[in-house]
Every structure is written in C-alpha cells, then in structure tokens.
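To start, the structure under review is shown below, and the notes come after it.
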C-alpha cells in the first residue's frame, strides 16, 4: 500500500539530486560563496540567529490544545453514518465547548500580537 | 561548452536587476525600471537574487560603501551598471547584457573574488570603521534637534542609544549597549575580542533587551533602506526589533543628505508631480500585495513621464474606482498608523496625512486624479512635505510589515526630503 | 524480509535522531532531530499496519515540534544556535535512571511470554477506532473535552500579559479595544 | 455507500506522476508570468519566462551567509519539492492511483503540515533577519489556516464515510460535494494557498521583508524552493478534484482527462487570484482564521453530518 509513496519519495529525491548535479555542471562555480546577510549593504550588528520574540505565543497555546481534537475527528468522521444522530450530538457538543473557549480567548486578546 | 552558452542566452531574458537610487536620481531610476521591463528584466529585492547591480547616479561616500558591500553579496554571474542619467539607461543596459553573456569572465570572477566577506576584526570591540558614520548621523541630526521629543514618545524604552548623545562618544555605541543591558558580561565581551564564543565569525551575538510584554529576549538591529524595494530613496531607518515588532528606530539619510543637492536642481524641474505621486502609489500598492493595481499605477507613471495625457487619465480613473470599492484593500490598510489632527499638529505634518493608511491612499489617488485631469494642478512636489525625521516617532511599536505600509502611506517625497537636510 | 530491513532501518533512524537531540549545538537542530525521531516512530507504527495511528503521529509530532522549536529558541538562556550547549541536567541521576528503565523494559520485552494472537484484526482499523471512541470509550471524550477547555483557559490566563480588562477597560465597554497592534476583527 | 474500484498501479508509474506534477507546476508558473507580463505591459517574459528563470538559476552560483545553518536551510528549500511529490502520491488520476491509502485524507494533511517545518527551517537556516521574520510569519499564518483546513478536509470524509480519497470521489456520482459544501471547498482552497505560500499567504516571502525566506537563496537552492511552491500549489489543486469536484466524473472525455481538466481549472483560478488579492498580514489574519474561518468550517461539518444522518 505504501510502495507508491516510497516510489514517489525516491522520485522526488532523484529530482532534487538531478537538479543539484546539473547545477554543478552549469553554474559559474560549483561551490557556494560566503556572504554577509542582506541588510541594504550595512554591516550586521549581530547574528540574526537569536532568541526570536514570538508575538503570537498565546494563539499557539490555544492551537495546541485545540488540535488534539483532530485525533478524534478523523475516526469519528468515518462512523457518523453508522452511528447516526447520537455521534453528531456528542461530537458537536464537544466542539461547541471548545469554540466557546476560543471565543473567550479571543476576547482576552489571545489572537493578537503581544 | 555549447550548453553553457545556450544557458547564458536563455538566462539573459530573465535577468534580475538590483536598483540603487542615489538621492536625487528619481528620474533615472524610473526610466531604468521602464527600460528593464521592455526587455523582460525584473527588479531584484536582494543582492542574493540579482545579476546586475544598477547604480543610478553617482553615490556619495557612504552609499558607495553600501553599494560595494551589496556587490560582494551578489552570487554571480554579476555585472555592474553605472547609470549616470536617464539618457544613459539604454546603453548601460546593453552593456550589462553583453557582459552577462561572457561566461569565461564570470568563471574567472567566481574563482578570483573574495570567497568570504571581510569582517573587521574589531567588530565586537566597539570599533566602527563604517558604523561611525551612521552614529554621527544620529547624534548630529536626530537627537540634536529633537532630543526631548524622542525620549518622551519612546516612553520607558531603556535603550543604549539614548545614552549616546549624552556621553558624546559615538565610537562606543556598542559598548554602551552591552554595558547597560548586561552589566555582568560587558567586560568579558570586550576583553576577549578574538574569542569565538561571544562573536562567532567576528560578528557579535544578539543581546537581550526590554520589551513591552515583559519578555526580555534578544534584540536584533535591522537597517531599513536605503537599498530596499519600494522604499524612499536615501532614507535609512535603523530599527531595533523584538521579534517582528520595531521597538525603537532612528532615521537618517545616506551621506547626511549633502550629496544629492546639486543633482536635484538639475533634474527636478522636468518631473510632473503626478508622476512622482504615481510612483509612491506603486510602492504602497505593491507592499499591500495587490500586484495588478501596482502595475496599473506604474504604467500610468510611465505614461505621464512620456507626456501622454489620455492613457493616464483612464488608468487613474479606474484605479480610483477600484481603490474606493475594494473591501479587502480597505481591510488591509484600515487602522495602519491612524493620525488625528492633534498628531498632525504635534509632528508638524501636512493635512493630507490625516486618518489611517487607507484614507491616505484614497487621498493620494484623488490628488493624482485631479492633477491628471488638469482641473487643479495641486501643490507642487516639495511643499507640504512630510519631514523624514518624524518617521521613527510614528512607527515605533509597530510590526515590521505595518511599518513598511505606514512609511509608504506617508508619501515621503524622496529628493526634496534630502535637499532639506542640507540646511539642517 | 523487506519488512525486517525496513523495521531495523527505521529503528536505527529513530534512535540515532533521538541521540542527536542531545549532541547537536543548536536548538533548531535539536528540536527537528526529535521530529525526525518521531517521524521514524510513526513510520514504524505504519509498518505495524496501524495506518491511522502512524500517520496521525507524524502529523501531530511535526506540528508540535514546529511550535515547540520557536519556544525552545525563545526561552533558551543563551544564544540558541551559535554557542556550544548541553541539553542534559543532573547527568548521573539521569543516566542511572534511564539505564535502569531501559534494562527493565528491554528485559520485559524479551522475557515476557507474549500471547498468541486470537482472532483477526478488523477490516477497517480507522472505522473500528471511531466506533471505539464513540462507543465504550465515549467517557474518554467526555473527559477530554473539559480538560481541553481548561487547558485553553489556563494557558491563556498564565501566558497573557494583558487581559480583557486591559483591552476593554474596567467596565469592558471600551470600543475599539486598546491593543498594542491595531486592526483586526472588532477593532 | 458506493464503492469505487481504484487500480493501484505499479510503483514504476511514479516517474510519470512526477512528470505530470512538474508539468502542472510549470503551467502554474507560466500562467503567472504571462499574467504578470500582460498586466505590466512587459515586452518579453510571457509563457516561457519560467524556463528562462530556471536557466538563470542553474547558471547562478549558490551562496551561504556567514555562520548560517546550511543544513537546515537546504533541508527546508529542497523539502518543499519532496513534500509536493509525497502529496500527489495519494491523488487518483481517474481509475489509477499510486497509493490507495485507507487514510489518504490524513496523509494529505500530514504532508501539508510538513510545510510548517520546511518554511521555518529555510527562514531560520539563512541567519538573516529578513528570513527569520519570514519564517515566523509563516507559522503565524499556519496557526490561522491549519485548523479550518483540517475541518474542511473532514467534511468530504463524513459524507463518504471513509478517509480513502477514492471513496470520496466515488461518493459524488450524483452531486458534487462542492455544491452542498461550498464553505468547506473555499476554506480548502484557502488552505492550499496557505501551504503553498502563495498569493495572500506569501507574507513569508513578502516585498516588505525583501523576500523574507527567499531573501538569501540563490542558484539551485532558490530554484528547488520556488519549484516546490508551485508544485505544492498544483498538488493542492489536484487534490480538490477527488475531494470536492467529483473526481473523474464528466461526459465524453475519459476519467483521467476530466481530472486533468478540473485540476488545471482550479490551478488557473488560484494563480489568477494572486494578482488580485492583497497579502493577508499575519497579525490580522490570525483573528480571521480563528473567529471567522474556524467556526464556519465547524458549522459546515455540522451541516454535512446532519444531512448524512438524515439521508442515511
């Protein structure tokens, strides 16, 4: 069942390797040149790799809590037809509670830049 | 080697050009952009994507140094084009095209150029071979006149820069920084200037700083301009970033603005005001991301410069209609840098800056429309200008994309702005 | 035969990437080494013919690691990429504990008389999983729901520097809300 | 529940699938540059411009920034191309498919989540402020579009009672899903533009941060990343066909041809929209995603499941 996917992955790796190999032949030089980061020509005052301040950390907390729900959602989707209305009611009560929490978080400003 | 020659011929059609506009060279840059497009060449946004480095006009000493460093950052094949005036554009582009095809020369260049950038060994020691320049600009122009205002509007922002004019010692800007932020580590930082720990490859590591939400993580310094897509020529905004929010900024113009003056008097009379405004419109619309509208404004600009009348009228009319009706454009620009009459008063801004970015876009389009229709020639370019040195006070605390929109919406007139500095 | 080779290949990748987490000198590399390790584990689960569990493991772990990376980078005590770093703390206790647990689990795996399989797995495993969740294990979901709501509320309360009172004023009536970044819905 | 019989073709056909995907990606790039050239009144640079750009990037030298994390940078750039290949593996072309996974929809979702990691890695690895800002911007967009996209993917699965892509296509023999789940379809397309870093979601590569994640890439590094974006766009458009547009259903033409026609049509719309829409700024779109798109997607799922229960 997964042989097709493995074959596709091999194809993709082949395509990437092919492009890099072709580039070695056609580029004006095969080795990369080392440069300063683009800052309109100014010397960088420090390395960019640093403790980057994430402005949306609250949204990511809500996201992580919410996306656990998807674990249930996919298997549930398959059996709605079999289980009928009870499954629908149970799942959407569950989702409704989560959406209430989301609306609450929205009012707290969780989806804004800190 | 038939393959490489064929490749070079094909590659030439997709050439990308990094355009550097020396202050006062607006007409040259605009003609260059138009001629590039005729060949299917497009502007590059960074040196990493550029094949040609086209310098419009003769840069002053500071800009020349920046250009030199941009040249070093280009991957190659790379070609320099000196475009001294609007009339020199075609020949400069022809020459660049011919040079781009010379593969053996580019192979030689790739072999013989410096394979690593030159980083001054004393970078982390507060010695600023080139940093000194802009340090001077700051203290001389920005803090000199507006010292008090600067501090009040930045609130409690505790930053090394604010100490600087007091100590009067520009050369030790970095020392001040790390000294105030990290009392304990300051000494180590400077004593071990060869130390690989604190400055890998000769560039210091980022240091922590205060922030409005209390998370004191690292501050990055990013100069916006002068060579940046859709940015007013000659302006430099030295931003301190916490994440993607600008927590502090300092404005300057390259070469202290002294270089562009003479050139300005030679060319400015030839440019219709509507064309300059159309160009500012291009910048704002392109930054918002509405490509088709930006393209329309650009072709109106080029037609105006050609002296065409009817074409721009139609184009501007349509532009006006779309801008007024587009809900999604309004959503993108509403609330960006809202200015009340009191704000205008405080920063001595002209009335046309009233409202938010969407209001300013609309008023800009309306002014262009009036000018193109000839009903009301409007104020000539240069009067009612927005002073560039208020920009830092306006954009501090905004996310970087919002900063770009805010600056573009202010309709800064590039070369009169530079001209004014001569008197400062 | 092929299955055995693939199994061992993935197992080696999972362990090696796990080791890399503690060896590399960059938070980004460490986090994504962990992601690679999880991807290999997910592939192993797929190899056990648990398609849904394997694929969802990869999905969730890549997503969590993408978010975790930015936290690891942000809250590290020093530069997260360009300084030598050590991800371990309390080495002796940690090594002792982990060796002990490993020996316990490995000997358990090897020595326990595993039962023979009775019956056959259902035709459609995802379907069976869904029926389980909505059927006898409904209690699990009923519990997980409030727990997730509580997680959202607690997380936001703990993380928020500004609450609704800062935004909307003491009587919660200020419109538009006062936010550091203007614009958006309900501005 | 109608059962469709999909033929799983031998793995060797992956070569053909790869070529088809690259052709579609090239079509997207060509259409985009043709539209650009027309709007800008450019003299040259129409349909063949992507070929010339490819030649240019193959000739251009690669570069690395001082102290950059080159490994992560290259993984991010090349990973985009690899990811798009993995995504199309589960899309049936008429009756044939390479991998008829029983969890095909989840597989699609998994691959699109990989883009989070790839774009961030490419932005981080460059050791450049522009790239860094771009990479983090993409994650902010991801937080906003990913959950709505997941719920949009669930809607066809509910109606088909299966996570198999082929079953979803087969369940639409009377009425295409796009007709009675339009909200899910639109949100799905939003998600596709999102994980392709395309058009309104190209803030990570925006002009305001000088190209963002792409700012420091040159030569073949840039080529694979850009090709990956177009390939992802093509893969996303192709996936909408079995999920919402009835798969290979249609008169006169064979099934594989209908899949191709529909894919090209969706792809053309997505490419065309890029020039019309502004970039969604991440700080504003975050709220839109959570407060508008997510409830809309959940409501769509509710409607779909009620309809399914009522009918069945």
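Read from first to last, the chains carry the letters A, B, C and D; within each, the first residue is number 1.
One rule holds in what follows: a contact is a pair of C-beta atoms (placed from the backbone, for glycine too) under 8 Å apart; a residue touches a chain by one contact, two chains touch by 3 or more.
The shown structure was predicted, so the numbers you read here are calculated from the model rather than taken from an experiment.
Peer 1: From the centre of chain D, which other chain's Cα mean sits the farthest off?
Peer 2: B
Peer 1: What is the identifier of the chain with the smallest separation between its Cα mean and the overall Cα mean?
Peer 2: Measuring from the global C-alpha mean, the nearest chain centre belongs to A.
Peer 1: By the contact definition above, name the pair with the higher C-beta contact count: B-D or A-B.
Peer 2: By the number of C-beta pairs in contact, the winner is B-D.
Peer 1: Go ahead and note the Å separation of the Cα centroids belonging to chain A and chain B.
Peer 2: 32
Peer 1: Roughly how far is chain B from chain C, centre to centre by C-alpha average, rounded to an integer in Å?
Peer 2: 43
Peer 1: Could you grab the centroid distance between chain C and chain D? Build each centroid from C-alpha atoms only and quote it in angstrom.
Peer 2: Roughly 25 Å, centre to centre.
Peer 1: Mind pulling the chain B residues that touch 2 or more other chains?
Peer 2: 4, 7, 46, 48, 73, 75-77, 110, 116-117, 119, 200, 203, 205-206, 213, 215, 217-218, 220, 222, 228, 243-245, 399, 402 - these are the residues of chain B that touch more than one other chain.
Peer 1: What parts of chain A, by residue number, touch at least two of the other chains?
Peer 2: Residue numbers touching two or more other chains: 1-2, 26, 28-29, 31, 33-36, 38-39, 47-55, 60, 62-63, 66-67, 70, 74, 77-79, 82, 87, 91, 102, 111-114.
Peer 1: Please set out, as single numbers or ranges, the residues of chain D touching at least two other chains.
Peer 2: 58-63, 66-67, 69, 101-103, 106-107, 124, 127, 129-130, 132, 136, 139, 146, 163, 210, 215-216, 219, 282-284, 286-287, 291
Peer 1: Going by the touch rule set out above, what shape does the chain contact graph take here: line, ring, star, complete or other?
Peer 2: Shape of the chain contacts: complete, all pairs touching.
Peer 1: Across the complex, what residues on chain A touch chain B?
Peer 2: For chain A paired with chain B, touching residues are 25-26, 28-29, 31, 33-36, 38-48, 50-55, 113-114.
Peer 1: Considering only the defined contacts, which chain B positions touch chain A in the complex?
Peer 2: Per the stated touch rule, the residues are 3-4, 7, 46-48, 65-70, 72-73, 75-77, 103, 106-107, 109-111, 113, 115-117, 119-120, 123, 130-131, 134, 174, 200, 203-208, 211, 213, 215, 217-218, 220-228, 236, 242-245, 399.
Peer 1: Okay, in this complex, where on chain B does chain D touch?
Peer 2: 4, 7-8, 10-16, 37-40, 42, 45-46, 48-49, 51, 73, 75-77, 110, 116-117, 119, 200-201, 203, 220, 222, 228-230, 241, 243-244, 286-292, 295-296, 298-299, 328-329, 331-332, 399-402, 404-405
Peer 1: Going by the contact rule set out above, which residues of chain D touch chain C in the complex?
Peer 2: Interface residues on chain D, with respect to chain C: 67, 69, 71-72, 101-103, 106-107, 109-110, 113-114, 116-117, 120-121, 124-125, 127, 136, 139, 142, 146, 163, 283-284, 286-288, 291-292.
Peer 1: Residues of chain C touching chain B in their complex?
Peer 2: 74-75, 79, 82-83, 161-162, 180-184, 187
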